[in-house]
Amino acid sequence: MPVPHHVKDLALAPEGLRRIQWADRQMPVLAAIRERFERERPLAGERIAACLHVTTETANLMRTLVAGGAEVRLCASNPLSTQDEVAAALVAEYGISVFAITGEDNDTYYDHVRSCLEMRPTLTMDDGADLVSSLLFIGLGRLDQVNPRVRAFAAELGDEGCRALLEGVRGSTEETTTGVIRLRAMERDGVMAFPVIAVNDADTKHLFDNRYGTGQSTMDGILRATNVLIAGSTVVVAGYGWCGRGVAMRAHGLGAHVIVTEVDPVRALEAVMDGFRVMPMAEAAPLGDLFVTVTGDKHVITVEHMRSMKDGALVCNSGHFDVEIDVKGLEEAATERWTARPFVEAYGFADGHVVHLLADGRLVNLAAAEGHPASVMDMSFANQALAAEYLVHRGAGLDSRVHGVPREIDRSIAALKLETMGVSIDVLTDEQVAYLASWEEGT
Amino acid sequence: MPVPHHVKDLALAPEGLRRIQWADRQMPVLAAIRERFERERPLAGERIAACLHVTTETANLMRTLVAGGAEVRLCASNPLSTQDEVAAALVAEYGISVFAITGEDNDTYYDHVRSCLEMRPTLTMDDGADLVSSLLFIGLGRLDQVNPRVRAFAAELGDEGCRALLEGVRGSTEETTTGVIRLRAMERDGVMAFPVIAVNDADTKHLFDNRYGTGQSTMDGILRATNVLIAGSTVVVAGYGWCGRGVAMRAHGLGAHVIVTEVDPVRALEAVMDGFRVMPMAEAAPLGDLFVTVTGDKHVITVEHMRSMKDGALVCNSGHFDVEIDVKGLEEAATERWTARPFVEAYGFADGHVVHLLADGRLVNLAAAEGHPASVMDMSFANQALAAEYLVHRGAGLDSRVHGVPREIDRSIAALKLETMGVSIDVLTDEQVAYLASWEEGT
Amino acid sequence: MPVPHHVKDLALAPEGLRRIQWADRQMPVLAAIRERFERERPLAGERIAACLHVTTETANLMRTLVAGGAEVRLCASNPLSTQDEVAAALVAEYGISVFAITGEDNDTYYDHVRSCLEMRPTLTMDDGADLVSSLLFIGLGRLDQVNPRVRAFAAELGDEGCRALLEGVRGSTEETTTGVIRLRAMERDGVMAFPVIAVNDADTKHLFDNRYGTGQSTMDGILRATNVLIAGSTVVVAGYGWCGRGVAMRAHGLGAHVIVTEVDPVRALEAVMDGFRVMPMAEAAPLGDLFVTVTGDKHVITVEHMRSMKDGALVCNSGHFDVEIDVKGLEEAATERWTARPFVEAYGFADGHVVHLLADGRLVNLAAAEGHPASVMDMSFANQALAAEYLVHRGAGLDSRVHGVPREIDRSIAALKLETMGVSIDVLTDEQVAYLASWEEGT
Amino acid sequence: MPVPHHVKDLALAPEGLRRIQWADRQMPVLAAIRERFERERPLAGERIAACLHVTTETANLMRTLVAGGAEVRLCASNPLSTQDEVAAALVAEYGISVFAITGEDNDTYYDHVRSCLEMRPTLTMDDGADLVSSLLFIGLGRLDQVNPRVRAFAAELGDEGCRALLEGVRGSTEETTTGVIRLRAMERDGVMAFPVIAVNDADTKHLFDNRYGTGQSTMDGILRATNVLIAGSTVVVAGYGWCGRGVAMRAHGLGAHVIVTEVDPVRALEAVMDGFRVMPMAEAAPLGDLFVTVTGDKHVITVEHMRSMKDGALVCNSGHFDVEIDVKGLEEAATERWTARPFVEAYGFADGHVVHLLADGRLVNLAAAEGHPASVMDMSFANQALAAEYLVHRGAGLDSRVHGVPREIDRSIAALKLETMGVSIDVLTDEQVAYLASWEEGT
């Protein structure tokens, strides 16, 4: 009898299995951790609720957690990003509980979150902080702020049950910049009830996944959705954080004229020095052929911006939440609307110009392509697996706030990755170690 | 009653129509030509047989030829590259004869060539010179060298019919480097029977389509087929012609370490100066993570090369014919074989290492992605349309050999393209024109 | 009567003045601060001893400090980096005390340090921590560790005088990565006696000066010294910190094949992902045409490495101290030695191969070129000026350890720089500020 | 007794010798040819007049011609580009006649041309066609069009002597794009009197020297003259031929925002696709921080353009003749003028803004830096040497027009260069040769 689940179609499992194995070939760091976990079982007895994009890479992380001895439930962190065949394979081939269906509506999304909470997790893994915020709202009794489906669950639990649910959580890990921003806001508001490891802040995560992963997969999603020529076109990238750098770098690498918009003067100056033009979005709007938002902020592209765009402009988002583009405003402003291609919705304005919205303003790299390549997720998810182990071993000693990934975990992942790539590096000599530690030797 | 055709499913037409219109938005040069053709009808009375990749861009070229007054038949220039919904839309929505089905076998491929020849074309358009070579073999009576399906057709025609078929051809146009190499060989052998315009040799074709088009679409095809991370990987590009430059440039733009192999010392030196490592394929084979052939030559990657590759190496081709990789040799050498993902065939060697062949060694950009973006094909096909018009107006005065596209056509296409992109440029002043024409003014 | 000084030739002053004014044109941020300082006189009563590269940019910083009301003495932070005409102009045109002569020997170098200490500074500015370490050695009575010239000065002061000297220092600022490493070692050893602002750690310093400044000026120094073609050559960059990134980026931008060596696995991995080959120096040594060290560490290139280099290899350093290449070892190992060009010393090995050492292993960008361009030093020195003001206003409240530059100083400098470049950026809307501060809004 | 000469100071010879030897290390292809010439003496009995930039690389070419048995005289092809120490060394160390002094005035320039003509050359080598045009003007009796110094010489020769001078010339070689444009104009006007080999048209010349050589050395000259930061600045490159591509590529490689101006639509479109903005100069003028002309045309930057530039804009030329910028117009329009740095002349306009002209509008890479690096001139001058040999062996059979460098010379130089760089490449197999020659094998 299969484990509890809600997926599209278990018949998709063989295809999913094949794809999970393909990803596994490119995740040697996670595989090495999985082998150790199988021997050492560091997560034995833990119940892990994970709210992540349901992709082949996540599947290999789930396998690793199970290898470590944990019981696992997985729901989607985004209604559009689930790969249904992967969900099916996790259930049917690996016996792991999954609650995720591509294109699920908001209520189903939260039904799935509820299914994860029902396992009364000892650890959670988040990609956008939806599990943690749900747990805190429930635990704090702020039920008006949760989705009705979660609220109904809280009602069933009763006040005490709600508190017990929250107290049962040993700690959490968070994957994204967006989630970390939310968590720091929670910390500042004094509502945090357990330690959280900001996996996103690990160098081996954000320097690689956010930059090289988001960079490539965003352009990949755009190409699959549109097949437009990037060379010679003007690409406007909103945000010059690690994700924005990645997108700008890859758009430039494909021959685009890149314009960057920013609100932070240091980052803006860095973009200028990196060879990109920088200007406010209102100035960039009439110049761009393609717009990509990766800011973690809301309404970075407004209806007014879209009114002033060229006929045929393409607009998409690669930030975590679908709030960066004012989609609702666009829908209201448009006088006509049709589907130009899969993942490309055309909106006609009264003056005749058309703006194309990709993937409904949701993560274009996950919706129209396959998300980050496995080899970059290898490191991000190695951090997740090792952060979970760290919470089990050391979580009791940590304050209820946001913590970084310990430096030694970070370095060990980088070293392991280099090894699997066949790259060796220099080692400090004793003389060099001594030199770096001294301050006496001058000019 | 529909026009003569052989396509997969006419029910796909609405989807094809939508995609043809999407491409059309990005082909403003061809659209401008189409509008003029509708008024002037320069191709009235012509019968054009076209053997091209059946894509959305080709569809818009076909529409343009029909607008010019021609009767048109289209077959596929590659068994894997047909977009079935486009073929359906051409037949059902535009009333244009198409003979093409994705994945057709070799006999069906030549049945379709035959269907084109049956119209007794006055002009042909080729993408690899299959129509021209078939016509010449038939006209020269070298029937042992043609496919049995074409041979049967020749037999029906009889000797005189064969000659008449050849004599009825006013001229031809050729799209690819590979085709032009073949045509020059024909010219050298003295068998050419009509003038051919080497569209490939137009600056607005090969400098753009081969470089920016092949570059982007090849990487696009590879990403769709594999979803591997390019950054930090080693990509070996065989051939540093315009296509090879494009692929090397884009692989580098995605963060790859690029190695180039070449047989021409000038090109090899150029690759070195462009910052790429250059070495023989036998040395590159054990270093690469991904191999792309774009040489126009045969067996550039041999079984011996593949024997020495890393476990998991990816091998693909973006040259016109599927001869660049020794696929047959690979099939014989492999002890195991399975499909790892769509378009990715894994071949296991006896020593345990696996080589992944993409798209069966056929054009990876057309098989796994959608071929060149419309905006670059816009110029290539503007050349095709204007070359056809040129053959009608001036063909009688041209020798039976390979001709370039007239310089004024080339420049007018570039100027029109710039205009549609909103780019204006400087114009020589009278003083400057005089200066350039003089030689008296020195130091 | 001129101020106390020791410079090469006051007759060089007019040339120096012209060059200082040239730099001033490109330092609008510092100029804006200077104007405010003239009005507000925030440094009135301070005695500032500065040990910095005596360049046109430093000259404009000195002018700014004087405008702020300070008395200033300047000595060189490197024996080879003084621009003698600038030193002359500071003395003769601006009335600022300078003690610096290009090519001065070690004793003269420390005579000049002594001259600065003699003013009994209330603030010091360092570029490599030589002033601070001298002050601490004197104050701690560890006179065996200072240069004899400084020791003699300490002897004159007597124990109490030495303590008074140290106690008179309100604080210090440090310009370089190397200096900050030394200062943190002092802090760890518990010997720090006043607060130090690590100007190097400001984003507007190290992200720009170290990367874009060092990157360009290092390649500039190499080209002036050698005039070799970089395109197609193999450049080995030792170290992938901000300076190393800058050098690698610019070498690549000039067409080089770049190899990076590192000891930190995270940085090494980043270099791989950025498209560079990474390997130990022992492997890189026989492959490189040009080697650049920017590690802040000692003997990164050893004699053994140089033994295995190609005939004609070029070796240089752009790290702060001249310890990164084992120059002494090279001198001993070489069987022949001659000057091939100014700044290029050829060393012949017994097997006949020659290694060329640039600028004696000292900072090649300062020795063979003019150091960082003024426009990048504009920000670094704006940080210096504002850090000095900050120490005066707030220094009393700071612990005796290494402090960062306050974030608001950093941002204000970036904003001012953007303004002077004519670049404007977006400002967060109220809605966006609220969104970023909230954690309630989820999927 | 020294050979006939006119140089600045023979005492500079030792320094010149050292620098010629430095260049020689980087010119292995020319060295290999020199060795063969010493054995075979293919130029025995020839008198070669060369009008080239008097640099270290040219010195090694002269040595090669002498090794081949020729008598040689060298004058400067540009009044500012002579390296006086090299001229001295050629005379004093190698016994080669040189007539060239940096900064010579126009009359001296033509006195030097005269000195070369006086040897009654059998072959000439030009860099801008000044020798050939002088010879033709003399031979055709169009003496009003030559400089008075050359005219006086013609008068001495008398009509017959003039004709004999011209008839004595077996052929010529030309180094530059500009020269070839002039020569083709002469050919069109029917005045050419002997065959000319357009060395510039060799792939191993213009693809390398014009692109990588001009690209690097132009930026090098600009940095030496100004020490400005390129990253983040806007660089306007006028002309997108091979030189313009090189400059644009290197400016971009240093972090600039590059704008290209062009008059040819195909090249303009290529620049757009390469990621550069393209616009007319009138639009670019107010946007640029730095302007570089490399068009081969006149008054590409006019006074009107300079009126609209930013305060502090830098303007320079890297095209052959100093006509690309309207220097005379600038001098007239400016209300103030001073020397800001060596090679940087500041011109103040009435509205207060200042434009800086580099190197008086002459070749900035030769005036402010050292011209092309030796390793790229290695190939250009290998072409010169082999073209001279070719004219001796085959010149009699060539028409009096502009000829390309034979393909086999081109390929042999590239192959030799690769060998000296330690790069080996693939060789076509018999199967591949056959495949490329066939046209029968299709789909």
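Chains: A, B, C and D, in written order; residue numbering restarts at 1 for each.
Methods note: a residue touches a chain if its C-beta (ideal position, glycine included) is under 8 Å from a C-beta of that chain, and two chains touch if they have at least 3 such contacts.
No experiment lies behind these values; they were computed from the predicted model shown.
Path length between chain B and chain C in the touching-chain graph (shortest route): 1. Ranking every chain by how far its Cα centroid lies from the centroid of chain D, the top place goes to A.
The distance from the centre of chain B to the centre of chain D, each centre being the mean of the chain's C-alpha atoms, comes to 39 Å. Chain C has residues 212, 231-232, 252, 255, 269, 272-273, 421 in contact with two or more other chains. Partner chain D is touched in their complex by these residues of chain B: 77-79, 106, 109, 128-130, 133-134, 145, 181-183, 185-186, 189, 203-204, 207-208, 211-212, 261-266, 268-270, 272-273, 278-281, 296-300, 321, 323, 410-411, 414-415, 417-418, 421, 423-429, 431-432, 435-443. Across the interface of their complex, chain B is touched by residues 18-19, 21-22, 25-26, 212-213, 215-216, 220, 223-224, 227-232, 249-250, 252-255, 312, 339-341, 344, 369-370, 372-376, 421 of chain A. Only residues 231-232, 252, 255-257, 269, 272-277 of chain D touch chain A when the two sit together in their complex.
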